[in-house]
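One chain, subunit A, appears in both complexes that follow, with subunit B as partner in the first and subunit C in the second.
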Partner chain A sequence: MNLGNELFKFDALANFVGIFITLFSLLIVIYSFGFMRQRKGMFQYYIYIILTLLASLGVVFSNNLILLIVFWGFLGLLLYLLIGFGQKERTPSTAKKAFIIIGGTDALMLLGLAFIWKIAGSLTMDKISIALNTKVAIWTYLCLAAGAFAKAGAMPFHTWVPDTAEDAPTPVTAFLPASLDKLLGIYFLARITLDIFQMNGAMNTLLMGLGSFTIIAAVMMALVQHDLKRLLGYHAVSQVGYMVLGIGTGNPIGIAGGLFHMLNNTIYKSCLFLGGGAVEKRTGTTDLDKLGGFAKIMPVTFVTFLIASLAISGVPPFNGFVSKWMVYQGIIDTSKDGSYLWILWLVAAMFGSALTLASFMKLVHAVFLGQRSKEQKAPSDNRKETSSSMLIPTVTLASLCVIFGVFAYQIPLKLFIFPSLKMTDTVFYGIWSPGLATGLIIVGIVVGIIIYLLGTVAKTRETEIFVGGEIVKEHPEMRLSGTEFYNTIKEMGFLRTIYRLAEKKVFDIYDIGKTITSGFNKVLGTLHNGVLPTYLAWCLLGMIILFFILLR
Partner chain B sequence: MIYLFYLIFYGFLLTAIVGLLASWIDRKVTARVQYRVGPPVLQPLIDIVKLLGKETLIPKGASKMTFLGAPLAGLASVILVSTLLWVNNVSSNSTFLGDLIVVIYLLTIPSVSIIMGGFASRNPLASLGASREMKLILGYELPFVLAVFVPVIKSGFSIRLGDILNYQLQNGVIIGSWSGFIAFVVVVMCIQAKLALVPFDIAEAETEIVGGPLIEYSGSGLAVYRLMKNMLLFVLPFFLMILFMGGLRFDGIHLLWGILKYVGLVAIITVIRNTNPRVRIDQAVRFFWGPMTVLASISVIMAFLGL
Partner chain C sequence: MMKGSIIPLFVAIPLAGAFLTSFIGKKIEKLPDGLGLFTSFILFVLSLSAVRLYNIHGILTYSVGGWRPPVGIGMVLDGLTAFMLVTVNFVAFCIVIYSINYMKKFTSKWKFYTLFFLMLAGMNGVIITGDIFNLFVFLEIASVASYALVAFGTERHELEAAFKYAVMGTVGSLFILLGIAFLYGYTSTLNMADMGNILATNGINNIVLMVSVLFLMGFGLKAALVPFHAWLPDAHPSAPAPISAMLSGVLIKSLGIYAICRIFYNVIGINPVMSSMLMFLGTLSMVIGGLLALRQWDLKRLLAYSSISQVGYIILGIGLGTPLGILGGLFHLFNHSVFKSLLFLNSGAIEYSTGTRDLREMGGLAQRMPVTSTTGFVGAMSIAGIPPFSGFWSKLIIIIAAVQAGRYGYAFLAVLVTILTLAMYMKVIKYAFLGNLQEKWNKVKEIPFFMKLSMGILAFVCLVVGLVAGMAFLTGMDQTFIHRASETLLEGTRYAGIVLKEIK
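The block that comes next holds the complex of A and B.
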């Protein structure tokens, strides 16, 4: 018996995830040189980053479930430690929250492993194949999926992601919740769904339902956020919905789309976080009310941020569109099984994409375009990009967004996605030729430029803006920051009630758990009143019960 | 190379000519409704040429690249989607460029370009108008997606435009069935909003926020936006014809039929725009998320039942 093969395996899926884990670690380290400069404890910080890289590679390449969960648990601890580098007041409690949610679901996964041992008698991943026809098997699957969901940040275990996004240092957020945890969570979900368990229709429907719900609910929350990083954090949750939806379709194209979306999401989401971090580094704030007009000051960051925003909103020809399009085809394909629910999932996914676009338009306006706020007036009129170590990662990621979109069939799908699922590119029945489309778009832009040149675009003149004759300089309060854009939607009918409840954290699994725990505490706490005779009475009572049971 | 020809000839020139003519019909009918004489046939073209001769002004401190680039992106996407529709309509077995989902996504880019242009002007009124445009997109996207999938359900779950056309060639047009008709009504409302015409011209609202996103545009930028909007006046009804009315056919009497269908659609749009007052943005969103979504859902259910 070869112990190496027993414990580790290197198949196409693992290799592909491993490659990107390494790439993201490298980019984050480069970025941190710029962002985390002049902070204390940097030695530990980089040690933790490297340990995270090693542990993630361990998760991806292990073939033994026990080994996997050891690495997995280690990642939870490292996440806790890395969030601790944040400098906000709420950071400690956020780190605790993330640790408790991840740790709690880790415990569920352990329970799932015990069940697997009971059912299959083996913990080597490529030797297990469990049919979902017994109650135990279903519970096992749910336990393991809970772990994957919490890691990736799918509902209902998502609540640690927005908090972490707001309170942790930006590179950490871009590293763990936005990229590595997505890769690992969805990797594990794909493993259990495709390899370990044989899925059935009901479970697939459950996955698709959860996915659709995650997309809509999280993006609706993102729509009304006031903080740059928290808004991005909600999108980190919402995008997981597409991946779960894709994997839940259970047909080749949907699963390929889900995995491809996982890859794309890590690319543009970390690009967005890193671009946001560049603005944060420059201004010291992520409050959308205090930003605005940075397109002129940081043009490169603006372009990368814009590309990533369009990619995440699924605007063709960027990469986000291709994977969403594949997921949609997967959803429509489920109609062949006689299901009518597909239209519901499809509309949720497509409408979710419009909502994503809306919240990114708001973000781009509030940070980069629009009017500058009073706070940022002072010396920032001249152009000043961030340091090159912070530009290299964002530019790399933004160009990946374009390349993976335009050459979707030639590069990412052919090299990474199809080999990991052992299929060929014959699965498409829709049509989309991104290369040709990009070429034609360029020709279209040339046509537009010719029209421009026929006109007077060569000599332009700068003027003051026109606001019905008012002089804007004298009225600095005449400004829209962008945070108020969707208040009409927030105030609409039943949505208002839902938003109110969400603000009170009624839907937060952590807060529900906290309420239940402190409820128990209150009841049990009354017993501890510090009066000795009470304690003696309890002891006596306990002994009587004990004797009664033992000597009966 | 042949695609380049399609793009220049069908996608740009033909679409622009038809779009300008449709815009003239729209203005002429509007004028007659209001007891005016109305403009001559060439007026839409003359407007654009005149705008090209005007000075291009850029608001102080704005990102010039975004401000002037946004109209180009919008125009390019309209040309692209128009080429796509033409080629797929002419040869319905082709696998050219994209399917229904691609078209739906490409059709949002013109709106996005207007929004980006408005944001880049650094004018509070433009920001306000652009945010209304975005909310309008959110409003109509829900019923639009639902209704557009009625032809997909009818034609046996194919998202290729060619398959939808072939289905209609053999089984009669989709608008002829009850579900198809209801979906058609919903989509007409949605393209009214996509074209930003009354009653859904909330984003531009000249009398209130002075053109919204377009307030700072002048000269070349405005000319390109004008051209883009006129071309949309052809592209969107054409899209509707492909989905619900069997597209445009070129053999004999069918060509006349096709032209009549198109003129009829433009007439419907014009009539709606001339008989309604502008609504508020929250009313518009409520209208689309309420009655229109319910109607669209009914049509989807009826399509599943085979009606």
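The block that comes next holds the complex of A and C.
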């Protein structure tokens, strides 16, 4: 029994994350019944999903670092296996890349674990408390944080997320990179930041810097994507920035905001992926150039997708707004220590939010609004909503977006977030009462409808869509797909270089590693020329050096 | 005396098996398989009972021909010996099962079994002997048999590899012999326990240091430590798959690592300089082997380089000299024996079905060979150190031990090489098993039953050892049998006194 206490613990934070892990697993299984139908190896697929659920719960409830890392590493393996269910040409490479990045940072975590044993003499998580005042302690923290960052997909270990989003089956993307891996990564980051280590200012600043950078860089990449799932994948990276930023603020409101954002992000991000998957299932493509006009065909999916898009962009009254608002407050709160960096973080966070909205306008337009592309002008039997097993999860998640936004205090914050942080009450800057705001918004919409209705009574003229004086309908070769909205950004002087380098994967830690190792390889390869006398010469040389060292 | 009479059987039985096969095996077709299976099974059971005997009675000794050491040849069964015997004989047993089907494509099976058991007798001899010259003799028996086995296919590149291996192996043996001669001249005894006693009283001087270098080079060559490793990437891939598995799985460990452990810990006595030397060589092998493995496209060559890298881990762990480090090193030795044999058998299975070893020509084989791909995956995950498979635990222990000893740099390199290992095995899986099946492999068949059985056993051991180790790790690990083996090393030169007391 004593051993059980040392190995597992059930505190508020763990319970909170555990509940949502189970919920998401359930939704994904329901969704998979529809999405993965008629594919091979489904028995294995569900086994892996269940194992993933169990291992994730294992991570969350472990109180022993070794146990945690065992479950954690096992999750990387499961991720690899699950990505393998994708049917694209590049799927094996993507799976390999994801696993190497995840497995590599897991190895760094082992080093961190070894350091913790050295410093603290214990691996029971609630008994360790390390001050970040020695070099070793800082390295320990960085090693462990690397694992959390890679899992959650924060920079610089993020590159597997967009690739996975594109090449893995959609439910898998929605399940692991978009929800479970985020929950676990941020959970672990919160654990080490709040419980195991006593943070100092410099480390907090580093976290906030990484967070802000992640937000901006990933959202800029998202703006120029042409693939539905890849675009969402970059947003999955970008949103992690807010969580890291929130936890990095080091004050209660910011941390609560970070955790709340983690929860919200998993909700709307899986909703987005699942909605995108519904479109993919219907059309067989995720290329934005080939999509368009799905609002009429799949109205329910459209509404859920729209709600989730607004939530991720931080539009009130949805949940994303509340958590971002809390993160902003946390950032402003850091101004107390006298440094002016908070302005930078705040600008990054807000600007990132605006860019998110911009990229989702493009996405929603390209997929659901706009015109249907030629390839998709299919026969009329195409006109139906997706199957119910795929609708239930998206509708559930979209309604959670609304509920957690409107009743932010009453439900998620009070029940889950504040108990996890042992906070009883928090001070909010400014006046933000979601209930009132929602009321006002509803009133606004109603007034708008009334004005619209009144307006139609008046004399108006309806016409076809036209561009540059030409009616679009009459020119079938002319089509506004929406993907070109932000191409101008790509052409701006400084940004152009960055984008070009990013496309060459210069910033990809995986490719950097590849280049370095192949450099070493070339040198070593020339030394292994297969000539026996050379090999014998090394042996003798080695022995002479040993003699020299020992008998000097 | 009676209790110890199990010890010489480990040499006598494989030798008898070897000679019986060569006399009768030519005439009766099925006999070599049956005899081989029987012999190796008996050896495996005996090794298990040796562990039991050691646990009951402690160290056991046997004097060959009734001549008492230090005059006669003594044989010793202690914790480390029992541990090594189980490892070697277990892997040998699995490999014999595999060979039943695999070696069909070679003409003279009886020659194979004869050489195989000769090699096994040599390895067991090295492990159980208590006499340093006797160790050299057994080492040469095993080496010479392995030279012949590398050339078993008698193709051009196999002969070339065997030639290189023979030349370099002989150079290594020569230096070992020279070292033994010096030690004999210095201590006037060949019994290792006796020698250890005398060296302990005389203290370390230049002769001993010089002998250490000679041994380090000689046994390091047998263990394929960088820079003495260059024979291995040619020799191991060229041999037939079961022999590759035997060479990489246990030969380099019993001739190289075991001998290094025994001599440096129990005879000469470890000192800080030697310890750091071992760690340095270990880390060097780890890194260079890992980097080189990554660029190979020949599956077996990749595995061979990876063996160099993994031996580096073992030597790093053992070189640390702390209880945890030795424990980790020995545990990794056992694990590596199991999963590297498994992986070599796997490569053999692929070669058996498709006839190629080039990763670029494979692809999608998981669809045609489910058992091979599953066991291969288990082996790859074990060696890459993914929990909960066995390799994870031994690497974890080594990394923790390195950090505990304050060797942060080595710990960091060990972690980096883990990533390299993961990368190289992901490459293997991606190119061999995943992706689209090429047209020419549409008719590829899964391998026959005994090959599957053997690989299945090894993969099962990878998983079970991982789980058991996990339980042991979380609940305290004082009772495991590897722990007994590491205690033997930790006793250091006091071992001599214990063994001598038992003899007299």
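Keep in mind that, in the parts below, the second predicted complex is superposed on the first by the 500 of 552 C-alpha atoms of A that agree within 3 Å, B and C clash if a C-alpha of one lies under 4 Å from a C-alpha of the other, contacts with A are read in each partner's own complex, and residues count from 1 in each chain.
Assume contacts are C-beta pairs under 8 Å (C-beta built on N, C-alpha and C of every residue); 3 or more make two chains touch, one makes a residue touch a chain.
All values reported here derive from a predicted model rather than from experimental measurement.
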Check the residue A:314 against both partner chains and state whether it touches subunit B (first), subunit C (second), both, or neither. first
TODO: Applying the touch criterion given at the start, work out whether A:518 contacts subunit B, subunit C, both or neither, answering first, second, both or neither.
DONE: second
Across subunit A, the partner (subunit B or subunit C) reaching more residues is B
Could you say whether A:174 touches subunit B, subunit C, both of them, or neither, answering first, second, both or neither?
neither
Q) Touching A:115 in the superposition: subunit B (first), subunit C (second), both, neither? A) second
Worksheet item: Is A:66 touching the first partner subunit B, the second partner subunit C, both, or neither of them?
Response: second
Subunit A positions within both the subunit B interface and the subunit C interface are none
Seen from subunit C, its contact residues with subunit A in the complex are 163-164, 167-168, 171-172, 175, 206, 209-210, 212-214, 216-217, 221, 227-228, 230-231, 233-234, 273, 277, 288, 291-292, 294-295, 381, 384-388, 392, 395-396, 399-400, 402-404, 408, 411-412, 415-416, 418-420, 422-423, 426-427, 429-430, 434-435, 470, 473-475
In the complex, the residues of subunit A that touch subunit B are 293, 295-296, 299, 302, 310, 314-316, 321, 325, 328-329, 332, 335-336, 340, 343, 346-347, 350-351, 354-355, 357-358, 361-362, 364-365, 368-372, 381, 429-433, 436-437, 439-445, 447-449, 451-452, 454-457, 459-468, 472, 478-480, 482, 485-486, 488-489, 491-493
Seen from subunit A, its contact residues with subunit C in the complex are 3, 7, 64, 66-67, 69-71, 73-74, 76-77, 84, 92-93, 95-96, 99-100, 103-104, 107-108, 110-111, 113-115, 117-118, 136, 513, 517-518, 520-521, 524-525, 528, 530, 532, 534-536, 538-539, 541-543, 546-547, 549-551
Subunit B residues touching subunit A in their complex are 3-4, 7-8, 11-12, 51-66, 68, 71-73, 75-77, 79-80, 83, 95-102, 104-106, 108-109, 112, 115-116, 119-125, 127-128, 130-131, 134-135, 137-138, 141-142, 145-146, 149, 152-153, 157-160, 210, 215-216, 219-221, 223-224, 227, 281-282, 285-286, 289, 300, 304
